[in-house]
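In what follows, chain A forms one complex with chain B and a second complex with chain C.
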Partner chain A sequence: MSIANSTVPVTVLTGFLGSGKTTLLNRILSENHGKRIAVIENEFGEIGVDNDLVIGAEEEIFEMNNGCICCTVRGDLIRILGNLMKRRDKFDHIMIETTGMADPGPVAQTFFMDDELREAMSLDGVVTLVDAKHVMLHIEDSDEVKEQIAFADVILLNKVDLVSSADLDQLEARIHSMNSAAKIYRTRDAVVDMDKVLNLGGFDLDRALEVDPKFLEPEYPFEWSGLFELEAGDYRLVLKPGPDPAMNLNFRSASAASEAAMRDTVEKAVLVFSDDEVALQTGAVIEPGEQLSQIDLEGDELVYTLRVPAAGSYVLFTEHHPDEFEAFVTDAQGKRLDALFTREYKPDHEHDEEVTSVGISTPGDLDLEKFQGWLRDLLANQGPDIFRMKGVLSFRGAKERYVFQGVHMLFDGRMDRPWREGERANSLIFIGRNLDREALNAGFNACLT
Partner chain B sequence: MLGRPKRDVTLIRQIKEWAYACLPVSSEATLSVMELECHEPGCPPLETVIAAMEEGKGTRQWKLHKPIPDVTRADLNELAAKEPSAGS
Partner chain C sequence: MLDIDLSMLNKGLLAESWYVALGDYIIDLAWAPKASKLAAVTVEGSVFLIEDHGGAATFKLLGEHAAGANSLSWRGDGAEFATAGQDGLVKVWHGTSGEQICTIEAGDPWVAKVAYNPRRNVLATAAGRHLKLWNDQHKVFYESSDHASTIADLGWNPVAPGIAVAAYNGITLHMPGTEKEPRKYQWKGSSLVLAWSPEAKYIATGEQDSTVHFWNVKSGEDAQMWGFPTKVLELSWDSSGRWLATGGASTICLWDCGGKGPAGRKPKQYEAHLNKLTQLAFQPDGKLLASADADSFLFLWEPFKHEKIVAGISLSSSASCLRWSKGSQLAVGQRDGNVVLFRTNGRAR
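Right after this comes the complex of A and B.
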């Protein structure tokens, strides 16, 4: 069983109205890239291209099993694609444009469910266009935005000229925390090399292997940091009682008065926050360094001294947001000092219901039967919450890599090229909601022989 | 190797041919034959779903509680007596 190279690659293009889909589509259709592309679009009539193969589709969701989103496909697409394949000689690539409100799941599932389509075409990739300015307002509260990000293989962060570079960094980190396997490109007017969006090769999962493990866990033990430029001397950290009886903090020096310098201290601060804390009462002195201070927050007047040994830049990391305690820093004379730069961090507990990625990277060989059983149970129970999964696996006794990708409960895989010397390892990634990192790792590891 | 087996397309084409002949669908309808893994207790592990998509009639579907290779023309004849369910 192999996936023939003669299958027509299909790209699903998704994104909200105004994100730049039409601009990108126009570019794809007019640029001289040597490919003939058939376009199926939801928002028919918006695009003014002279092309015989632009076809309008009406979203027709079709549940094959009552209420199970994993068995939901797009009837309109099956019909259109069936007709399109009668004109197979007219195009090399199919592009399906969906509206911002359309769920990418049923679109992608259509290519895993219908065996005749599976033989003729293959999902090359899901490309999601994001309006950088718009998405910042909606990323935390819109399920549609989250799902479009979660389903993507490529994310074009468009209209970057309307957003500051600091905001873009933050946005990109947030998107990466949700879907760490997607490639993110920053674009203006949707200008991007065509080879970044076409012919991604759904099975070329090397990019899933490139995931930086640090990015897989963007959960911080603190909620806020601020960088201050301070002369040598004593400063006061003034707080009021708040929702918590105590709070951990770390005060440390930074190399320069810049956001980048503050960012450079984050990793070390994370390490400090995993140490044992030193309990301090009001009036105590806090010096910069590797100490995790736990300041008491009970009492009316809460003042701690920040002792600065030499002029320079210093960063204060706090477990809770300072606003919760009406906290501020003053100089010795009581003059209030503002931080030059601040950053808020999403604490891990707020991510429980969130869209995240869980990557598993483990050497060793898998037992096929055990793995099948584990995956079957996992998808039966959590299929609706798992949007995408991709992996390269090493099975005991197999000379080749097994590569697979899936959408919800459906997936497709095949034996790929032989393993190279010293390369054998398992690497897979789940992107979804309510993912239990520890349980996934434990379940996977139990399948190793 | 993993997951739902990929079925020989000739089997699917055969079932479609029987479906056009036996079920109340016009020759204009697009048919899709898919195999589903059913996780409901007591159900056979694989069932075959035949969906007909026709302009103006929406999607109608019929189910057979057996995998694609086991489907026969007699099954389609039996299905013809049953009401399809709406797929959407």
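Right after this comes the complex of A and C.
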């Protein structure tokens, strides 16, 4: 996909019926931006402004076998865009409005699989409208909603006036967990700056990779940690039965009573959590150290002893959030103690069907052959589950950045501008279903020289 | 860009006779049967009639298709021609006066093709998935929507009854006026263009998946040709029906369909273009082959004599239509809206 200036940018607009696509489209068309826009709509709506061209089309999904690649493309778009290109000096931008139930995959794949379109157009971005009030009903069980979110470069959380801000926060967090690379904006009546939806330079990877720092964090095997300032002696960890029959925890010392000191213990705790656990029954004693304790959570009275050998700072890491078990720590007299600092961690998603993003960010140079081999195998095996991927890579011996992006099994990359001083690193993002974070990281790291 | 010095070639072989500037991408162009006249339609929808007066030409804007035009076809007797547009309409125009005779609702906003049966006054239209056949009173007498997608191309059997339709999943051969069910030549892909061999032994197709197929019309056998770098939109048979020229690349391939057919045979290859071919056309009653590319070059070949170009010229923009007249005139429709007429000196006839 070329991003040369001569190509016409294409924006794909997805979202369920009633999410506000037509409202947004009318806003874009009526905004005084001096551009001539061609609109291809698969869903009938009342749109159109004098200077623009609106073409109605029925979705036509074509399967395409091309060598070893098998994928679906949109025949109607190949036909209509192929024709539009013949008059292209007269259009500055093309908008494609899909039906509410459309899978954005074939739309995006069309721009890889048809060489004429690939030369003349560039997919500027996929903009997904989400009806904040109704999407919660669909988000867990609708493949279409998940796909539309997963494919998006920009997500407009629309109709926010109809939803409480707590619900919005929750929804936004859920969407973010599915597609960490997308920008999310909250809108009312689809009111948004045009700059935020048009001319994104969808494949300008500087922007694509400018993601929430949390996204590049690993997923942790624990959900909570708390730092306590404790004298020598015995303390009690009191719990009630909760959703799980047992829970892993690690109790360890920290160098100081600060957030930074707690942060310093996280990496070690992650290692401990990958060890074999030591099963403990209620009443057992837990001492600070490198032991992964699996505490039993069945029974009415659950009390474990935390034995502190010397005064200092100690951190407790728990697999689940303590609130799920109404857990708290007391001193020997039963007086409740609060942690000085606590932190919640993004839980490790183990739900197989879940749509998630996996980000890899690592220094070092890649071996071209190894990387190609790894990616080829990965896409051959998992292509259907990988909705999108994008990245900037550093290859051994190359002065330039290698930028790439892909959709399912299709992949397109090229050398970009030279690396700047101190910038050289690899960052890439996979968005898809059943993604195995560890395997992706391990596979990628094995390609480093 | 070109490593061939065109000035060294025989200029007389490809002499520009006249040109007209119609101002918009020529999407289709056709000679009137038995007359020195051309009709042209443009991508924005204008319909023109061009009169060839020998060394000069005049043209007239007849009307338009509001949302853009796709195709045009002359009736075999030259009395009228039809145009198809993205306005869901087929318009029929008087072949001499240029007056609009009638407007036909074709059944879907996207009317991809119109094609008169060259031997009878029957008009075929392809709108969306619908094939319709119209009699000389412009009344429908046959229709079928048994196609897996919007129809991409149509072609009448040149020697016998039947019309072939190209769409997703291959070719459907309709036999209107007979008891026969339509016959399917199935391919798991999207057929974009079709070309009957002159004796109707083969239907060749160019495909979205960068293959070319040769369907043996009688047996239904399919010979597939792989390895084209892009989808193949340029197909042209030589007048004998033995050779098919294909584009889909900068190299021209000539496939030998004599005897047992093209399967397992290597094509002859012709290299001179440095960019993708946009058009290919064999002279219908001679042995010249015209080819045009995306760098705006137009070349002539005598492919059965040797593998070198015999004439070449740089056009003002690349060719979107190459149309030979009976005789040896070549009309070229261009992306910039010019229509140019070349005389080819009658050589190699």
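We adopt the following convention: the second predicted complex is superposed on the first by the 293 of 449 C-alpha atoms of A that agree within 3 Å, B and C clash if a C-alpha of one lies under 4 Å from a C-alpha of the other, contacts with A are read in each partner's own complex, and residues count from 1 in each chain.
Rule of thumb we're sticking to: contacts are C-beta pairs under 8 Å (C-beta built on N, C-alpha and C of every residue); 3 or more make two chains touch, one makes a residue touch a chain.
Nothing here was measured: the structure is a model prediction, and the numbers come from that model.
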| item | value |
| --- | --- |
| Overlay on chain A: chain C relative to chain B, clash or fit | clash |
| If touched residues of chain A are counted for chain B and for chain C, the larger one | B |
| Touched partner set for A:Arg87, first chain B, second chain C, both or neither | second |
| Partner chain(s) touched by A:Asp114 [first = chain B, second = chain C, both, neither] | both |
| Chain B versus chain C as contact partner of A:Asp167, first or second or both or neither | neither |
| Partner chain(s) touched by A:Met409 [first = chain B, second = chain C, both, neither] | first |
| Touching partner for A:Ile78 - first (chain B), second (chain C), both, neither | both |
| Partner chain in contact with A:Leu375 - chain B first, chain C second, else both or neither | first |
| First (chain B), second (chain C), both or neither touched by A:Asp365 | neither |
| Chain C region in steric overlap with chain B, selected from 41-49, 59-67, 95-103 or 149-157 | 149-157 |
| On chain A, the residue positions that both chain B and chain C contact, one per complex | 60, 62-65, 73, 75-76, 78-79, 83, 114-116 |
| Complex contact set, residues of chain B against chain A | 1-4, 6-7, 9, 12-13, 30, 32-39, 49, 51, 53, 58-59, 61, 68, 87-88 |
| Chain C - residues contacting chain A, complex | 24-25, 27, 43-44, 67-68, 70, 86, 109-110, 128, 149-150, 152, 168, 188-190, 208-210, 229-231, 320, 335 |
| Chain B contact footprint on chain A (complex, rising order) | 1, 60-65, 71, 73, 75-76, 78-79, 82-83, 113-116, 118-119, 368, 371-372, 375, 380, 402, 404, 406, 409-413, 415 |
| Interfacial residue positions of chain A with respect to chain C in the complex | 53, 55-58, 60, 62-66, 73, 75-76, 78-79, 83, 86-87, 114-116 |
